[in-house]
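Chain naming follows the written order as A, B, C and D, and within any one chain the residues start at number 1.
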Amino acid sequence: MVAKHFRCDLYFFADGCLLMEKGYLRKLSNPTLENPFFVQGLPGFGNVGRIACHLLIKFCDAKLFAELYSPSFPDYVSITSKGIAQLPRYEFYYAPMVKNNLVIMTGEIQPSFDDVVAHYEVCEEVLDFVEELGCHFIITMGGIPIGEENKTQVYIAATSPRLATEFMEKGAVIYSKGRIVGGTGLTLAMAKERKLDGVSLLGTTTGFKADREAGFLVFKFLMKALGKEIKEGLVENNAPEEE
Amino acid sequence: MVAKHFRCDLYFFADGCLLMEKGYLRKLSNPTLENPFFVQGLPGFGNVGRIACHLLIKFCDAKLFAELYSPSFPDYVSITSKGIAQLPRYEFYYAPMVKNNLVIMTGEIQPSFDDVVAHYEVCEEVLDFVEELGCHFIITMGGIPIGEENKTQVYIAATSPRLATEFMEKGAVIYSKGRIVGGTGLTLAMAKERKLDGVSLLGTTTGFKADREAGFLVFKFLMKALGKEIKEGLVENNAPEEE
Amino acid sequence: MVAKHFRCDLYFFADGCLLMEKGYLRKLSNPTLENPFFVQGLPGFGNVGRIACHLLIKFCDAKLFAELYSPSFPDYVSITSKGIAQLPRYEFYYAPMVKNNLVIMTGEIQPSFDDVVAHYEVCEEVLDFVEELGCHFIITMGGIPIGEENKTQVYIAATSPRLATEFMEKGAVIYSKGRIVGGTGLTLAMAKERKLDGVSLLGTTTGFKADREAGFLVFKFLMKALGKEIKEGLVENNAPEEE
Amino acid sequence: MVAKHFRCDLYFFADGCLLMEKGYLRKLSNPTLENPFFVQGLPGFGNVGRIACHLLIKFCDAKLFAELYSPSFPDYVSITSKGIAQLPRYEFYYAPMVKNNLVIMTGEIQPSFDDVVAHYEVCEEVLDFVEELGCHFIITMGGIPIGEENKTQVYIAATSPRLATEFMEKGAVIYSKGRIVGGTGLTLAMAKERKLDGVSLLGTTTGFKADREAGFLVFKFLMKALGKEIKEGLVENNAPEEE
């Protein structure tokens, strides 16, 4: 099944540069990936998803191959250490593995939480792109506010009862009657509407600041859940230093 | 009279799954309903409309047959008790009755009260669909803030003086010079613009929490107003347990 | 000069009812008006514009002939004294006079002050319609916050220095370096962009509540400014009772 | 390279006046400018960019030749000292120089900081227009909040490391790891996406009120950076009086 309708408006110039209308996707290279998994980690509660994603990118030595820009992203730009102005964007990395290739997406931003329609649109654009790449399994990672219970826990939400049970057996707790805010939840639920399989891995956090511990926990759970496919050819003890 | 312009954008995939652009409507089945009434109850003041609607669905043993999704709905997803991620949506149920078939709509959410245009659009989509189903009579149920007066009261607003009087004679008070916020009022007033008949049944409530008493009162009034058509074959004393 | 592009989306049903897409204009009758003036008064500071407009409608015994609906108007509906639900709308009245026919517009609402684009769009729709009716002179009435100075003053802004001077000579003070918020200012400035002539009559007000005095002052100034054209056949001492 | 897609919707009337749909650009004259630089200064922190821009316009005796209107600009109008209502707008000036012609843009407003998409759209419209005019070098000027460090400093962000270094050698400090809010940053970063060269000149300011000193500093740095091209035929000691 391939999406027949690709929403990004692309305006090509003579020399290949692009003009933004609604959002645009710039491919830096065209990696060939057979049947890849898609893994996403965006900023949010305790930055859990983003930290877990950075650990994964480092662990897999994943390569940047595409960028998604959107007029729904914040209206400020970041300056690099060398003084270069950068538009807000989502970055796509790939990591070819022996069994399961990975497409990994992260970013410094999400659309404003007030701009509900933008959230749906951007998730749609992400799913359009990763479906085009052949991804049929979607993993979103994020943080959820901690309650009274113990901190070191990963919760799971899924696109089917079978998957929820499968990941529960691997050690996650079903996030029963919970609510997932922003891209972490929307991408999963919209993937389900497209008949894709997927899960959200949710680390409990107080969320007051970047929660490296929760991020590492989610990353570790992802490693364990995906089993040897990810470990092959990679150093296990890659310490999480960035973020 | 049939609407000539249906606003939902539908994108079909090879295997029948849908891609959201502006909003989409997914039909789970195609019940044949002759000349049905449309009854709607959404969250709002004291959740009166939603509670009344749940009582009606239970009482009639109504069956889910369609779902409306919209990018204007909140950007979070709910997780079921089994761990499944669900996009926010309106649910349509049908209940075939001896005299008047019913189409019943409820949901856990409404568009944000700040997003005025979204409210109009979603009501339009609802009316497009129920007109397509052949509904010519629209009943919206909701709560209104209580004043000094006695609590146990149902107010009425209508699409014509004749209907307002008719329901007044059945025991409701005309909601003279009042104001109805959100979908409960808009659906009624937009139905009137389409030359449909309809009423709003409004239960007074303090609105601080889910008001089961007001919801039951509105439900009871609806039963009485529709007379024996609804009662046939149904247990009268179905106690309101859910919500 | 006639507008070549009419923005209202009109969807006609078999029996003549309309379906709202972006906004729609419903004509109740088609009065023939030669070279009419357009006068507008909307809610705002002290409701000065709206009060002045109501006095004018009463004074001229003007007749309702068209209504403008918009999904940018607030998402609540008002209930009439007879219990009928009404969508928010702008109302257009006409008053045939010996010299200058009038088209008068008022309403209970404006688009939300946060929704900037909606404000521009609705003013555009109003100007499209009144240009179509042949109006070449635009008068908007409103309130402006009072400073230290004396209260009983009408300020003027205009589409040309000639008009500003002309109305100054009639007793208004030029609203030099001022700022006019919402439809009262936008309609005037957008009329200027279309090469229409026009003025804003602005009554000073504290704006804390409906300011009948300021509204009457603006109405009186309008009468005086238009001179005998308006007075003909009308009772001068029509006391302002409503609002 | 010329943009193939021009977003401004232009509606022409018989006598040449324009009707706003999304935004429109009105040309007052068609100056011939070979290979001009584009310089922009909008309101923001301490109004640094706007003040610097006004100094530049005065210094170069630049002439107004185009105006950009947008429904995303604020929904109020300003009244001139002569009483004329003016829609919010960006103004484009040109200054023919011996070596580098200049196109200079300033305005009293920016889109609301909440309306993220509008910010992107308006910057896109500005770049479309200046590319059409043949500008390949973009200079945006603005203010940034001051930290602990000394006040009298100009920071630099650029579209390439080469340009950042070049301006650093002229005395600016690289705004490493900084963030630029609004049009000052977006225009630069979007110019980079179009393969245009450019820099942002950023004056430190407390930002509490219009900071003439910071504005003058940025202006002076621009003069120095552009070298003798600007100075030719112009009085050096043009004191900054306005704003």
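Please note the rule applied: a residue touches a chain if its C-beta (ideal position, glycine included) is under 8 Å from a C-beta of that chain, and two chains touch if they have at least 3 such contacts.
Predicted, not measured: the structure shown is a model, and the values here were computed from it.
Both chain B and chain C are touched by no common chain. The most distant chain from chain A is C, comparing centres defined as mean Cα coordinates. The angle of the rotation carrying chain A onto chain B, fitted on C-alpha atoms and rounded to the nearest 5, is 90°. Separation between the centroids of chain A and chain D, computed from CA atoms only, is 37 Å.
Mean C-alpha positions place chain B and chain D at a centre distance of 52 Å. Counting partners per residue, chain A has 114 as the residues that reach two or more other chains. Taken as a graph of touching chains, this assembly forms a single closed ring in which every chain touches exactly two others. The complete set of chain-chain contacts reads A-B, A-D, B-C, C-D. Against chain C, in their complex, chain D makes its touches with residues 11-15, 17-21, 69, 71-87, 111-112, 114-115, 118.
Interface of chain D with chain A (complex): residues 1-5, 7, 113-114, 116-117, 119-121, 124, 156-161, 164, 168, 174-182, 185-186, 188-190, 192-195, 200.
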